[in-house]
Amino acid sequence: MYHFKNDYAEGAHPDILQQLLITNLQQQPGYGEDDYSLAAKNIIREKTGNPNAAIYFVTGGTQTNLLVISALLRQHEAVISAQSGHIFVHETGAIEAQGHRVITVTTDNGKLNVAGIEKVLQTYSLRPHMVKPRMVYISNATEIGTIYTKREFEELSAYCRAQHLYLFMDGARMGHALTAENNDLTLADIARLADVFYIGGTKNGALLGEAIVFNSPDLAPEFDYILKQKGALLAKGRILGIQFLELFKNDLYFDLARHANRMAMKIAAAVKACGYTFLTESTTNQIFPILPKALIKKLSEKYLFFEWQEIDEARSALRLITSWATEEAVVDEFIRDLKEGLPMNK
Amino acid sequence: MYHFKNDYAEGAHPDILQQLLITNLQQQPGYGEDDYSLAAKNIIREKTGNPNAAIYFVTGGTQTNLLVISALLRQHEAVISAQSGHIFVHETGAIEAQGHRVITVTTDNGKLNVAGIEKVLQTYSLRPHMVKPRMVYISNATEIGTIYTKREFEELSAYCRAQHLYLFMDGARMGHALTAENNDLTLADIARLADVFYIGGTKNGALLGEAIVFNSPDLAPEFDYILKQKGALLAKGRILGIQFLELFKNDLYFDLARHANRMAMKIAAAVKACGYTFLTESTTNQIFPILPKALIKKLSEKYLFFEWQEIDEARSALRLITSWATEEAVVDEFIRDLKEGLPMNK
Amino acid sequence: MYHFKNDYAEGAHPDILQQLLITNLQQQPGYGEDDYSLAAKNIIREKTGNPNAAIYFVTGGTQTNLLVISALLRQHEAVISAQSGHIFVHETGAIEAQGHRVITVTTDNGKLNVAGIEKVLQTYSLRPHMVKPRMVYISNATEIGTIYTKREFEELSAYCRAQHLYLFMDGARMGHALTAENNDLTLADIARLADVFYIGGTKNGALLGEAIVFNSPDLAPEFDYILKQKGALLAKGRILGIQFLELFKNDLYFDLARHANRMAMKIAAAVKACGYTFLTESTTNQIFPILPKALIKKLSEKYLFFEWQEIDEARSALRLITSWATEEAVVDEFIRDLKEGLPMNK
Amino acid sequence: MYHFKNDYAEGAHPDILQQLLITNLQQQPGYGEDDYSLAAKNIIREKTGNPNAAIYFVTGGTQTNLLVISALLRQHEAVISAQSGHIFVHETGAIEAQGHRVITVTTDNGKLNVAGIEKVLQTYSLRPHMVKPRMVYISNATEIGTIYTKREFEELSAYCRAQHLYLFMDGARMGHALTAENNDLTLADIARLADVFYIGGTKNGALLGEAIVFNSPDLAPEFDYILKQKGALLAKGRILGIQFLELFKNDLYFDLARHANRMAMKIAAAVKACGYTFLTESTTNQIFPILPKALIKKLSEKYLFFEWQEIDEARSALRLITSWATEEAVVDEFIRDLKEGLPMNK
């Protein structure tokens, strides 16, 4: 059985493990004050073109989201998210557990736009009987594989600034977004247009780790306390620093994401060639082909994937995820199996 | 400069890194459902003699403490700790941030006893105007290097059960406690006498990781939700499972702790031989020698350590910590430097 | 200007003030242990036919909701509400501030049914990545004036028990529900079918005060601690006890609600007679007539009310609320003004 | 049996009830926007000499403390209190339930001073492993009847400003403090020197109610949301406004407190005349005489009071509390009974 279920089925990219080995017995200060973490932060500051960015490494996406959101919001403030947003769907109420409502906007493509946010502000206007929307949370790539264009992101950013809304980008799959064929955003754009974002390591080749980037250090001047208080400050912070250093010093991060995207697009092209359609217009490493149920059953004998949604009696949409570690040979085999499933080939 | 400042200055024991390498490309389910985690849990169940224990792996001690305490306490309940307890001193109010008071008892030796807890129960009796004490938190080894005897621990356990108090042992340095020369407790004793405890990996050779052990699975039947909600559930749970499997399959865990203790005791013997005394009666890997300030200054040119407390104008107590990675050659050098500091040798 | 904006524009029913005067200098224990509170609880236990009910008096509806919900739910559990539910719309995220998600179900009539809840359970099934639905919150009368029939409520209750969901009825306007012309529920039915409910005083003639009724005392055995911890335990608990005693000893509570309903229904009949329609099928003291904007403008010169929702370019729905204190003469005048607004009368 | 157990055994001062009656049927906006509340705020602004003060009325002391403290502190910040402070002793962990540690300082007289706070700042300096002290909480009068002098309060205020610590005065018994014979503080001093304080109504003649005064409106610009979110915003806010208006429009507030103090001092003088001593140097309405246990037993047959603390085998300290409602005739009788208890009189 081969995994197309997620992008964290393997360990880390071998170069990362190699660095852990090489540095292993170097004594270092704890709690993120090690040389590797400092160097990794400097490289990320360079790549984002923002020498003042305040950067913190933590272990996972849900942790990141609850830390950032609770650090920036006051108790009566709320965050706006697409209804498909990770904080609303798959984080076990982590944001509410920090005391904040997640206000949702229904979207088809997983992306928020100004109109949707505007409507929320209108609905939530009866002060003080309603929470105060104060942050916009977006994911790039989204949870359904789509990405924000530069124009879309600029519009959001301008609107958020005008409305005093923080703009926070969840970058669990930022590598995949920035290396998508139709992408026109850069890390520097994101640093310029968002208030805070994170760069996901776990889903792009690290053992674990996400890099939180506050574009202005004024945004969370005491974030270190919050990290510690919520159990997110590793004694051996080095293991996060070493990984991000390795990922960014030679753009390995983007190479890995590009591979994942290429594998997904290769499958997508085959799906299309077979005449099947998709649930979403993904250009990243998650695709949602709509296939006949009989074919799905057949594929599920060799491959692991998530049956996302039933379309009708005969068809369902799958979620297939590729990663830095996806073997092209398996992808080719999958494509062969897909084609064999075509009626004419049976 | 050589680190005696903490027991997490290096990476992981090489055998652990080796296992990460060997298993790296094996595809595995996420979120702790991987084969390694399951195997590691089984070995720990065996070692504790409790086939029903519910075990969870997380990334650090503060995270563990806030998860366990918030999972077991209702909102109006409080935890009792020694004033020197880690949850009171060094966790940035993590327990209060979960809504619970930490009630402290002043002790000389870092250990709680029945008399101290009894007094708390008397003080906190004016229902409903006071929180309800509901848990006793102890550390073994304690934050000042001492350990609980079997008898002490049995007394605590019997009292807690009679008073409906949960007994939770923080085992960040449990390896060091159980391998101390004066120890008479076993892992099985702890499993029998505590309600919940954790086995620290971070401070004993792992890259990161603590194993939470609920001795009865009824205690936290939905702990998985809480792990996820608080950002403690790693997508690649395998990296914790692999490490604990390696630490426990051949008792590496205890060998590493024994080494750390031996290094500390070697220094302690030298300190004693020099005629100096100690602030606490430690038999584990943290010792607190009281030394002349001039000598401290001299030692601080070559070694990193924490100046714990001023004793008088001429002397201070240091905290020296050894670890699985402490090199015996450096310990010997430190002892030489210590002896050279003696007046007669100057 | 006359208020049809809410049912709390005046002070208290004169009989209640009279009792406050009569009892004023009687010394009594504090914190709800006074004779009046004890007597009031006994009467409520009688009226509900449940001698074991655990009853607590607090000062307002939002306070009640946050106390009850946070007392019954564990941290990873959530409450299901209609999208129009007070806890979702008008309590400034009070439930989320206690750490819990409010899961909403869209309904036309403000009422939850089994199908809606069932769908929530299906959606929230991916343990542990989603919160666990654990309580159903309903309002009777609802926020749009409708009421639950006995049959509807029995179905909900049976389903909730089968699914281990707590059933909590918000009775801010319970008096109005139970005295509506189409009502077939009794206080005893509610005590039998819900796990917990509250009887609203603030909106039915008290200065302030709501009575929380746990039908089983096992549900919140330490609720007194929680009341105190959240600032809801009045030193002079007597002022709540005296009011509920007066409201229930001779069924004043129901008389007041009946008056409010009668005033609303009188207006509703006139609205209907004029040929206008309603946004909701209310039989209680909140009605939502759809009127021409010109007429609304005219009425707004003499009466205060809430413009609830625009229907089209020419019409809007109002919310008119009557209360125990609404003067029939004013209602008659309002009706006259309404009729004068008819095209033929202009 | 006559109550010396607390100062909330009766209802409200008759003038207050009278005002509730007079105003009862006046229609008013809800949620504190009524004319009475606005007028009461204006009078308090006048009395404090601060036209910009932001004032909110709530129902009780614990509620006030948790609202103010949680509104001003960020999640990693803590409040410093005397160990005898109400927030530490008698509020069921309300502050911790909001996520904040209460750091205590041991004092003999219930008062904090600069030296005590300074020591806390030194202890809590290991960023980010410890919470950040950010507020100083004091009570005036204190929980043991003592009061702050102007000089003491000025020193505290200067120190807090220099150290960026909010200074919050709990005035549950502020009337008693400001009318004590040895008082030299004014309401205007407090408005000038504290950041926020509250004026207690419940313990000085109101049915219920406390007035929170932010000396600078910038301190909590969105406090209205927080009031609502935590269930503290009364629909009929008028009942708080009416009471504070009555209490302050003719200084009734101070007259009531003066009476309570005079009753206590009358008893205290008799205690002294009998040759007994006191546990604390109270000049307000709570006194703590140390009496022979036999005498206490005798007194307890006619009077209710709290046995505060055993002094030795023969003696205990009582807490006797007088109030605006304490009858002088009963005080005289108590004094007679006290004198009859003298050995020579037996």
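For reference, chains read A, B, C and D in written order, and residue numbers begin at 1 within each chain.
Here is the rule we use: a residue touches a chain if its C-beta (ideal position, glycine included) is under 8 Å from a C-beta of that chain, and two chains touch if they have at least 3 such contacts.
The shown structure was predicted, so the numbers you read here are calculated from the model rather than taken from an experiment.
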Pair joined by more contacting C-beta pairs (A-D or A-B): A-B
By CA centroid distance, what chain is farthest from chain C? B
Just give me the whole-number Å value for how far the CA centre of chain B lies from that of chain D. 43
Just curious, how far off is chain B from chain A if you go by their C-alpha centres, in Å? 35
Distance in whole angstrom between the CA centres of chain A and chain D is 52
Could you check chain D for residues that touch two or more other chains and list them? 75-76, 91-93, 97, 128-129, 131, 225, 228-229, 233
Given the complex with chain C, which residues does chain D contribute to the contact? 2-3, 6, 8-12, 14, 17, 20-21, 23-30, 59-67, 91-94, 97, 202-203, 207-208, 225, 228-236, 238-239, 325
Using the touch rule from the top, collect the residues of chain C that touch chain A in their complex. 75-76, 78, 89-93, 96-102, 126, 128-131
For chain C, which residues count as touching chain B in their complex? 70-71, 74-76, 127-129, 131-132, 222, 224-229, 233
